[in-house]
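Shared between the two complexes below is subunit A, which pairs with subunit B and subunit C, respectively.
And now, the complex of A and B:
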């Protein structure tokens, strides 16, 4: 390597040696050269790189508005023209993990340079940002700092050593998460194999049947854990909304929900919908629902229960989508969008979602 | 904290895998809260049972993904 890599490091107020919790509302500041854990980082890098600047922000300040703050932080980072960006490690710190993740995401996307952090698996920043950054696995305390810094540098050096164009296109140089101790980014990597897929499949199946260890080449997606919201306490006063992924829409399908691989959802007046409707869903036999839509969206019973005072009210809008071979990522987004709409309406206290 | 959602689905395994917290096992894929083989009156009674079970689960605090069926344990 002819020239030393230019490195910018992100830290919170504590590791950045500004102060403890009493300084958590500190805004952005930049210190020249390495600070705190940055000294260990610099030592581990040796001649390979130079920590030119440390960008610091208080945890409370950053966590108030991660996306906006990441934009501000990005400008500070970019002004130092780095070849490589490190954040943290954050270990088990919640706000700090979000700050590190958000900074990595912004810097990686805008500057196109490798971004590396370190986190304990249970922090929110890991699940939120692991797809956008190389996040090394750490323990839950800062005691393991030297080992984590070593992991982060080893991974970073591996990332900058690859041929850039090849890495961007087919990711042949993407380091394996298990080899480099980082959280999977859900990326697929091209790899040359001597054996055909059929041979490899049969070998792995036989190993599985024999109870021998084998490694899957495609790992199924990991789904986020959602903390269960508390129970409804006063059902008699609660307004309930109905949602369904069974594809019940107004006649004419005004929002053009697709029968397959659908990416849209609609909000419809439930009484009007019941007068004229159709089903747009290729994944099940639609006739029973067409004959009586209550079999999918239990309008009749919900009205009855509202009249009897068992529930407060049925929300007049029905939220509809069609879930048939839709990718799970888009399903999650639609769930977020419907959730935001429900929240905006303020009066809805719970929802019943029916699925085919 | 968000509001609770209960999912009525004929295939609880998928909901469990995705991490849905409140799940009621529904009747069948083409009729999750109905049964075309019953008379309209009987079918509505059955639907009412599913909804009451779902409302019960909405009123229950859960630790994580929980599946219940129409028949109480």
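And now, the complex of A and C:
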């Protein structure tokens, strides 16, 4: 028989049987073997695994600095060399959900082992950490503990089995969220289905035409309207920055912006860039920009305008990203990051954004 | 317009002294086929292989996959405008060979993104082509021939091979006959069934190699195509072919166009198939608006459709043309079903939508074309390239066909995904 899996379990002070809210400032401590819900966990695991240690921390203590505490907790977890890590379940507890999520993120990233938790859909830990952990869906009270523990163990066993998901084209070890009752992890995958794309489409369109209910495969987002800022007065004195999502980067692409689904941006000295550059963008053909980057980013015109005194000055740094099939959420974040950088530089009064 | 496709089920292929089919076996005179291909002075030489499921073979630099077909009752009418004389495709009788295809490789290509098909292992499992017999051709360029000109020669060689094989099977009885009969001018106007059209996006110039568009419609490129009404049979019968690169689309899938065939299956039962409007993705805003308005007008006021399915080509940008056409259709009261292709593996489905139009409320995922998959499989033989042939990956890494693992996007694996709607694939949140 295969060796038993070594399991470490994370709990807060309450479930870790240290005490209630009055003990929420307790620091990290480790108990050998299972504690509290860990007993149910151990029972559900049977001889497939052994809860070797329980890492406990007070909710208040953890919430003071989740990332730093996760680092400390990780050391305690790692010293027990686990094959599998459980946290919680946290149910509807806000601080506890963040602690469980942060612990899962740190342990998963560092040790590369499956990390499983359980949460109620409305807690902040779910949205913050769903990407990093397998979080089983729970009710909002601990009454459903046995069922949640069952779900968590079932999911964990599926993950450690290394079984390939045959419904995925990629055949990854990635169980279906609906089948294993966990929150999807912000991943999109092609999945085999019984009906062809064409069959589904005609069927649904017929329902729509008949005025019957139909289900769209995607519920489209509603984008917020961004009002344009007021115009810049006295352009003659304004320092202006240039930004583009056309993928113009220094030769060698030092920040490794991707041609597609890029998540990064870079800040480059314009003079150096214009001497040696390349384009990293799969969404348009790059030939014309490679021939003359001014076609994408109007360095030439801006220099002329500055010479003529029509603008104050061109900011010497160009902010560049590659916007090709990047999800809008990340585009917004990059906008915020570039905006913050521009503000930090203090002298820039306006920016021109060019796109492809 | 009536088209009869007479299918012959080919169970096996073998080389033989005469190209013919007998009891489900297709015999191919490889010498004669080679001579046919080499008649084109742009081609110096050609490698021809018979390829079978289960072989440890990796076929590289794939440009197209073509179903062997020929016209039975017309002269010089195969793939009109490409290799046949220009005439309208889609009527009369066509012989079609099932379970066999022509794999067209361009070993001299300078394109970065080229198709890959394995005849065993994970790719063969994923692709219907991994379970078929094939005649693989890989032509080499003659001295002095320009790159794009040679690509057209390779494509023509593939189409000629497809016709040659189907012609050779002329003595074999058909195992079934599919009839595509749609008399659009006289469609039953009294019917209570809804009239449904197909908006078929043929092409997007965003990937143009050396800034030249690929011919794909009656022998011409369609860079500036105005929305055009075509009879669905023209699409099925060789009026439209795949690009000079595989992008979740090839000639085989167009010859068996998923949405067109599905609309035919429903025609007269619960809908009336009103016809097809072909359009392209445009590079300029004005052209997009023009194309969207014209397409919607053709759908509504020329074809008289109440519903339309908007079929998308690969790429991000084509979403814009597609959704603008869809919005214009909805404005005219035509109910839409629109395809989308989530292009990133991260996010929610809703995050991936590239348009903001409340009226487009029926969105179908026609696969995540750029999904990446790691293929761990070792070929013993390479066709159309070598173990040193580069395999495209969007990350700045070098990988080669002989590597123990290749990290590849699924749109480059022919047959795995299909823009025309034949794949049994849906995109889900995980």
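The rule is simple: the second predicted complex is superposed on the first by the 181 of 356 C-alpha atoms of A that agree within 3 Å, B and C clash if a C-alpha of one lies under 4 Å from a C-alpha of the other, contacts with A are read in each partner's own complex, and residues count from 1 in each chain.
By our rule, a residue touches a chain if its C-beta (ideal position, glycine included) is under 8 Å from a C-beta of that chain, and two chains touch if they have at least 3 such contacts.
In this text the structure is predicted, and so the values were computed from the model without any measurement.
Undergrad: In the overlay, answer first, second, both or neither for which of subunit B and subunit C A:224 touches.
TA: Touch partner of A:224: subunit B, not subunit C.
Undergrad: Contact-wise, after the overlay, does A:39 reach subunit B, subunit C, both or neither (first, second, both, neither)?
TA: In the superposition, A:39 touches no partner, neither subunit B nor subunit C.
Undergrad: Based on the superposed arrangement, let me know which partner A:109 touches: subunit B (first), subunit C (second), both, or neither?
TA: After superposing on A, A:109 lies clear of both subunit B and subunit C.
Undergrad: First (subunit B), second (subunit C), both or neither: which does A:285 touch?
TA: In the superposed model, A:285 contacts both subunit B and subunit C.
Undergrad: Examine A:64 and indicate which partner it touches, taking first as subunit B and second as subunit C; both and neither are also allowed.
TA: After superposing on A, A:64 lies clear of both subunit B and subunit C.
Undergrad: Examine A:258 and indicate which partner it touches, taking first as subunit B and second as subunit C; both and neither are also allowed.
TA: second
Undergrad: By the touch definition at the top of the document, which applies to A:187: first (subunit B), second (subunit C), both, or neither?
TA: second
Undergrad: Considering only touches as defined above, state whether A:300 meets subunit B (first), subunit C (second), both or neither.
TA: first
Undergrad: For subunit A, what residues appear in both contact lists, the one with subunit B and the one with subunit C?
TA: The answer is residues 223, 284-285, 287, 328 of subunit A.
Undergrad: What residues on subunit A touch subunit B, complex-wise?
TA: That would be residues 223-233, 235, 243, 246, 284-289, 291-292, 294-296, 298, 300-302, 304-305, 310-311, 328, 339, 342-343, 348-356 of subunit A.
Undergrad: For subunit A, which residues are in contact with subunit C within the complex?
TA: Within the complex, subunit A contacts subunit C at residues 169-171, 174, 176-177, 184-202, 204-206, 208-210, 214, 216-223, 253, 256, 258-261, 282-285, 287, 324-329.
Undergrad: Would you mind writing out the residues of subunit B in touch with subunit A in their complex?
TA: Going by the criterion above, the answer is residues 1-11, 15, 17-19, 21-22, 26, 29-36, 40, 43-44, 47-48, 50-51, 54-55, 58-64.
Undergrad: Per the contact definition, I'd like the list of subunit C residues that touch subunit A in the complex.
TA: Within the complex, subunit C touches subunit A at residues 122, 126, 194, 196, 206-208, 210-211, 258-259, 261-263, 266, 270-271, 306-307, 309, 315-317, 335-337, 339-340, 342-353, 355-358, 360-368, 370-374, 394-396, 410, 416-418, 420-430.
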